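So that you can tell them apart, the chains are marked A, B, C and D in the order they are listed, and the count of residues begins at 1 in each.
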Amino acid sequence: MATDIGPPDYRTMLPEIIKKNYGQWKYHEILKPGFLKHVAENGDAVYTIRAGSPRLLSVDKVRDICDVADKYCDGHLRFTSRHNVEFLLADESKLEALAKEINEKLGFPIGGTGTCLSNIVHTQGWIHCHTPATDASGIVKALMDELYDYFVSEKLPAKMRISLACCGNMCAAIHCSDISVVGVHTAPPTKIDDKNFSTWCEVPTTLASCPTGAIRRYPEAKSVRIDEEKCMYCGNCYTVCPALPIASKETDGIAIFVGGKVSSNRTSPKLSKLAIPFIPNNPPRWPEVVSAVKNIVEVYAKNARKGERMGDWIERITWPTFFKLTGIPFTMKHIDNFTGALTTYNRSAHIKF
Amino acid sequence: MSEDKTPKLDELEKGPWPSFVTEIKRAGKKKASANDLLKQLELSYTDGVTHWKHGGVVGVRGYGCGTIGRYSDSPDKFPNVAAFHTFRVNHPSGWFYTTKALRQICDIWEKYGSGLTNFHGSTGDIILLGAPTENLQPCFDALTGEAGFDLGGAASDLRTPSCCVGAARCEFACIDTTDLCNDLTQTFQDYIHRPHWGYKFKIKISGCPNDCIASIGRSDMPIIGTWRDALRIDQDAVREYVDSGLDIVSEVVSQCPTEALEWDAKGKKLNLKPEECVRCMYCLSRMPKAIRPGLDKGATIMIGGKAPLVRGPRLGWVLVPFMKMEPPYTELKDLLEKIWDWWDENGKTRERVSELIERLGIQEFLKAMDLPPLPEMVAEPRTNAFIF
Amino acid sequence: MSEDKTPKLDELEKGPWPSFVTEIKRAGKKKASANDLLKQLELSYTDGVTHWKHGGVVGVRGYGCGTIGRYSDSPDKFPNVAAFHTFRVNHPSGWFYTTKALRQICDIWEKYGSGLTNFHGSTGDIILLGAPTENLQPCFDALTGEAGFDLGGAASDLRTPSCCVGAARCEFACIDTTDLCNDLTQTFQDYIHRPHWGYKFKIKISGCPNDCIASIGRSDMPIIGTWRDALRIDQDAVREYVDSGLDIVSEVVSQCPTEALEWDAKGKKLNLKPEECVRCMYCLSRMPKAIRPGLDKGATIMIGGKAPLVRGPRLGWVLVPFMKMEPPYTELKDLLEKIWDWWDENGKTRERVSELIERLGIQEFLKAMDLPPLPEMVAEPRTNAFIF
Amino acid sequence: MATDIGPPDYRTMLPEIIKKNYGQWKYHEILKPGFLKHVAENGDAVYTIRAGSPRLLSVDKVRDICDVADKYCDGHLRFTSRHNVEFLLADESKLEALAKEINEKLGFPIGGTGTCLSNIVHTQGWIHCHTPATDASGIVKALMDELYDYFVSEKLPAKMRISLACCGNMCAAIHCSDISVVGVHTAPPTKIDDKNFSTWCEVPTTLASCPTGAIRRYPEAKSVRIDEEKCMYCGNCYTVCPALPIASKETDGIAIFVGGKVSSNRTSPKLSKLAIPFIPNNPPRWPEVVSAVKNIVEVYAKNARKGERMGDWIERITWPTFFKLTGIPFTMKHIDNFTGALTTYNRSAHIKF
């Protein structure tokens, strides 16, 4: 049995045109949404069609994708860092036929380049995780249905990244996205499983897991208790100790953050900031979440300047104006009260009236 | 709701975006586990909570990582997902595939697992979604055998490194991201497959400051290509942009964050003050035909990005402003080993490296790394007089 | 060094800036204590440390504050400063004086004290620098009697409020700073003269966001004049500036932080988008003859400025974006009492109000104050999902 | 005996011209350094001459000032928030004679307005305080001698505020000045006076005073001990407990911070940031401190744009460039390690080479 062989060497996976011009690319053009052209020093060109994928794929669908790649791309393809599929080929004349098959045979939309909205990076949710406060794939599907036009056409002022994580662990590290959709718990883990506590958990690690010191020993039941006043519902204790379930239909839901980015393009990376503290879960299509996100996207699209990422735009217009334009109510929950909160307050006399 | 109907999930087959429900149903035609997954998911859509139990330790021989154990909390109702463990399969750098390789994975996964996948997980692995416990070892053997794939990271180990497409298809790549990613992945196989530390460590590699792999937010060590000399301007190509309607002053020059550019309207020349340029990629991205990175290329090594839990959201910051990045990448690997040693020696369980640095102080860390303090490391110097 | 020589301090009589050493020597001609101060100071200049002992509680009848006790650590060498206590005398708002009032203070201080003063201490008091214990009460009696002055704050009390010159000599004043300062000082005499809380509380009042009293950095409650309607532009005066050479676009319009201004070059008109203006005072300060605050004036009430000890440097932040500010200032006084009650009830010893707010959370504070959360209070909303 | 009478009503102190036009001022002009003209709605004008004062004044000097005010200003004057003296008068023709007397009779320079350097706000130091790490008046005198020209003429790009505090208590709240000069201790208070500890101090309040938890009980001596590794030399323990002296000739000195401001004019208020961590005390004229400050002033004066405060300038050129231009070495001490430090690091790929 072989171990530690590592993944296959990427060189064995590259299309000919890429191998030939590896490291020799000179410039690129976006021909139209989803169509890229990269030109090499020697004049060679590779064309790319980017297709939107649901990320969760059956092996039969992967085989369908392979069929298309076999037919047009000499049996090669790649995926992007946002889970889109990219078909690469040297022969420009085949582009339209390929596009047609992607749309029709695979049912995948083409787009996501330039100032299109790209795919929503997301996580497992109820499909495979034990800690979610919401589902992932379902909301993503509902959102992308509604924002479909933004994916297939360039209707935005700049790149826009929407990301989703189904709990505060924030797999996908969505804390620096233009729009981040996060599953949140809003009640403490009080349904403690005293019976199993001592089998499943250790008191010291459980106490240590809590960032706010909200967990105290409860020797009477060989278990622990939660100080509800101190708990910030982060769920870290459940990750460490299964006897502290925190998920609940009534109190779980979605928070929306906006204005983050990771690229150093022009402005520095930014963290996303809270826009909407809580929207209850409403499966299967989370209409309130969908319309909240759509509203933010539309207000941004209408008001931002060319090239201005969400966060750059908001910084220019100021946060009060963001709340005014979007009609999102500003609440107590928006004001930071975590470590270092004071530096996020308005420490100036700058006010719009 | 009858046992076999999924009215809620059916709603998610409507609409133009490709549907994950359709995928599950398609897999369900061949695999009972995919079908039970669908039904359990429908129940979650009704109950508003997950129906997976907490954790579960599973694995394959010789490895401590690479699988995620998962058990249904309703095995009676959904016996085929009673145990439904995930493989994290390490992708080839840059996520390039031959269809042959993909088909091999499909065949293996159809045989041993649910037939459901994620291309990809958000760390970059191929996620093979759901297999019973007894299938893990044979499936692993098939993957590493005939298909030539191996597992990626999970648990307290080095997680699967990933990188942007880089030199393979991008003119901005200042380092060979795919080669570096592949080299690190191969060099550190042991760290990926067996838990070595108190928590996870992630490496992500972008070819330039556009950071298309989102390394600054998502990795303990973001590695970002850059250049030390001046960017290269092709004045003819600049004039072409201008002649075809680009308002170079308002759209490029005045957008440069450090006023490093100047448009000589008379001479029709774009002048650069190289000492002012902060390598923000804006002008290059705006005029890719005319402006290119310099020739003295390497990487900025950063440290400390991670998700918000539990001390608040983190972004990586500059650790080494410039490091040459050529195989066998010895300087980088030495630095990594040094960091891991220090972290391993001083860190607590579930303490990421940036949390440790915060707890012990950056001074302590830099000294241990033998790295000099540099103004490039900070956005601004300290504002308090508590200098110790 | 011979006992009477001060070679080190003599060096500080050289140079063009007026010398404090010359002042001490001048007082020393009449007062032995000033002379001993000079000698003790010379010793500090040699030893590199202070020669004052720690603290010492002194006071005048009926008051708990207003004096600073100070004893020499070398009373044998410097008997005339063995006890050398300071008075903090509350200044008239705006620091306006008649020479008559000043001369009265001088006469009293020559009689009872060292003849040395600070005009002013950095909180704004007249500092009468150094008197022996037995002279405190008679000196106080003389001050409050013939001269009509009273003590300012010290210790855990309300400190002497201060304000910018405001309406008395400034066209930008949006509130009557001197009146408000005087009114608060008179209203809260009891809080100034007797320790009421666990620590100090400071109020500073600026007539506009130029903040000439540095309130944002130096006071628990900065009060800053502002206006709610649009600023007033005199277009004729604008044209005068332009005609006499002001490059209005580069020097004014493009400097506005929120792009609220527009220069209509054709119509020679300066247009304002009032909803964009953040009242930064830049354009007004640059063109005082042409641009003035609006007419619907009031104040922004802030909270939480203080020195860095011990939780790091603090600046005040917005608490009430706009409050009308007219005598008898009831709304403001009610808010102050509410803040003090809450702080007194919840604060620890030596905990300033901003430290308490940080410890208990802003939500707790706003609720207790019955103040609504407003986006104007923050530079940006929270970045963590720890919403509780 | 009268108590709680409060200060005299400011109205009784105002010059006639001020009383008459109170609240009616329309605009101002700076005639030349130190000379202001404020014009009222009705055309009235008040002239102000601003004179630099050492702040520490003998009563005889105050009387001299009064003499001048009697002669030219109808017996009125005021002080500014930066301890300068202002002579106000309605009669423009007397300005030059008044100025001459201020210079010659009082020995006070005239200036400090507009883009002149103003007076250095400062504190007590060795003259009257028990906790200083340096003197105040002496350094101020040495600095203003050297920077005299900047006070009497408009040679700076914008307003510049230099402030000085003799210990970390930072009286005068100099933490947001263009240049702040702060006395710092650099060694822990280890010369503990065990003999007097229990008389002078309480253990709980002493322990509580330490922000880093560096003080531990030491029952053997009915006293406490300092964990030198944890101590950050803030001196807060000494304020609370006289048995913990921290001042020392060898290890006390000066730190210099730059780039702060309090005004909301154009940009928001900013905290000052560390430029020079430590310069040993060198009385009587602290030449190293003087030349360090002068260097910063000169580099700023030479490089900043019109209207740009120190902090605005540095933000534009970036901090690495500030250190390069001033030649100040960047050290470990410059990198923050206090609460929230991580947010002050360079979290972008923006680098100048």
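In this section, contacts are C-beta pairs under 8 Å (C-beta built on N, C-alpha and C of every residue); 3 or more make two chains touch, one makes a residue touch a chain.
Every value quoted in this text rests on a predicted model; they were computed, and no experiment measured them.
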More Cb-Cb contact pairs, comparing B-D against A-B, go to A-B
Maximum distance between Cα centroids and chain B occurs for chain C
Chain centres from averaged Cα atoms put chain A and chain D apart, in whole Å, by 48
For the pair chain A and chain B, the C-alpha centroid-to-centroid distance in angstrom is 13
Per the C-alpha centroid definition, the whole-Å distance linking chain B and chain C comes out as 52
Chain A touches at least 2 other chains through residues 168, 170, 175, 211, 234, 264, 268-269, 271, 338-340, 347-350
Residues of chain B that touch at least two other chains are 209, 211, 216, 224, 257, 279-280, 308, 312-313, 315, 379, 383-386
So, in the complex, the side of chain A touching chain D is made of residues 264, 268-269, 339-340, 343, 347-350
Chain D contacts chain B in the complex at 168, 170, 175, 182, 184, 186, 211, 231-234, 255, 257, 259, 271-275, 277-278, 316, 318-320, 322-323, 330-338, 341-342, 344-353
Counting only contacts in the complex, chain C reaches chain B at residues 308, 312-313, 383-386
In their shared complex, chain A is touched by residues of chain C numbered 209, 211, 216, 224, 226-229, 257-259, 275-280, 300, 302, 304, 314-318, 321-322, 354, 358, 361-363, 366-367, 373-388
Chain D contacts chain C in the complex at 1-10, 12-15, 18, 22-23, 25-29, 38, 46, 48, 52-63, 65-67, 69-70, 75-81, 83, 85, 88, 106-109, 121-123, 125-132, 135, 137-138, 141-142, 144-146, 148, 168-173, 175-176, 200, 205, 208-209, 211, 234, 236, 238, 240, 242, 247-250, 252, 260, 262-269, 271, 281, 283-285, 306-307, 338-340
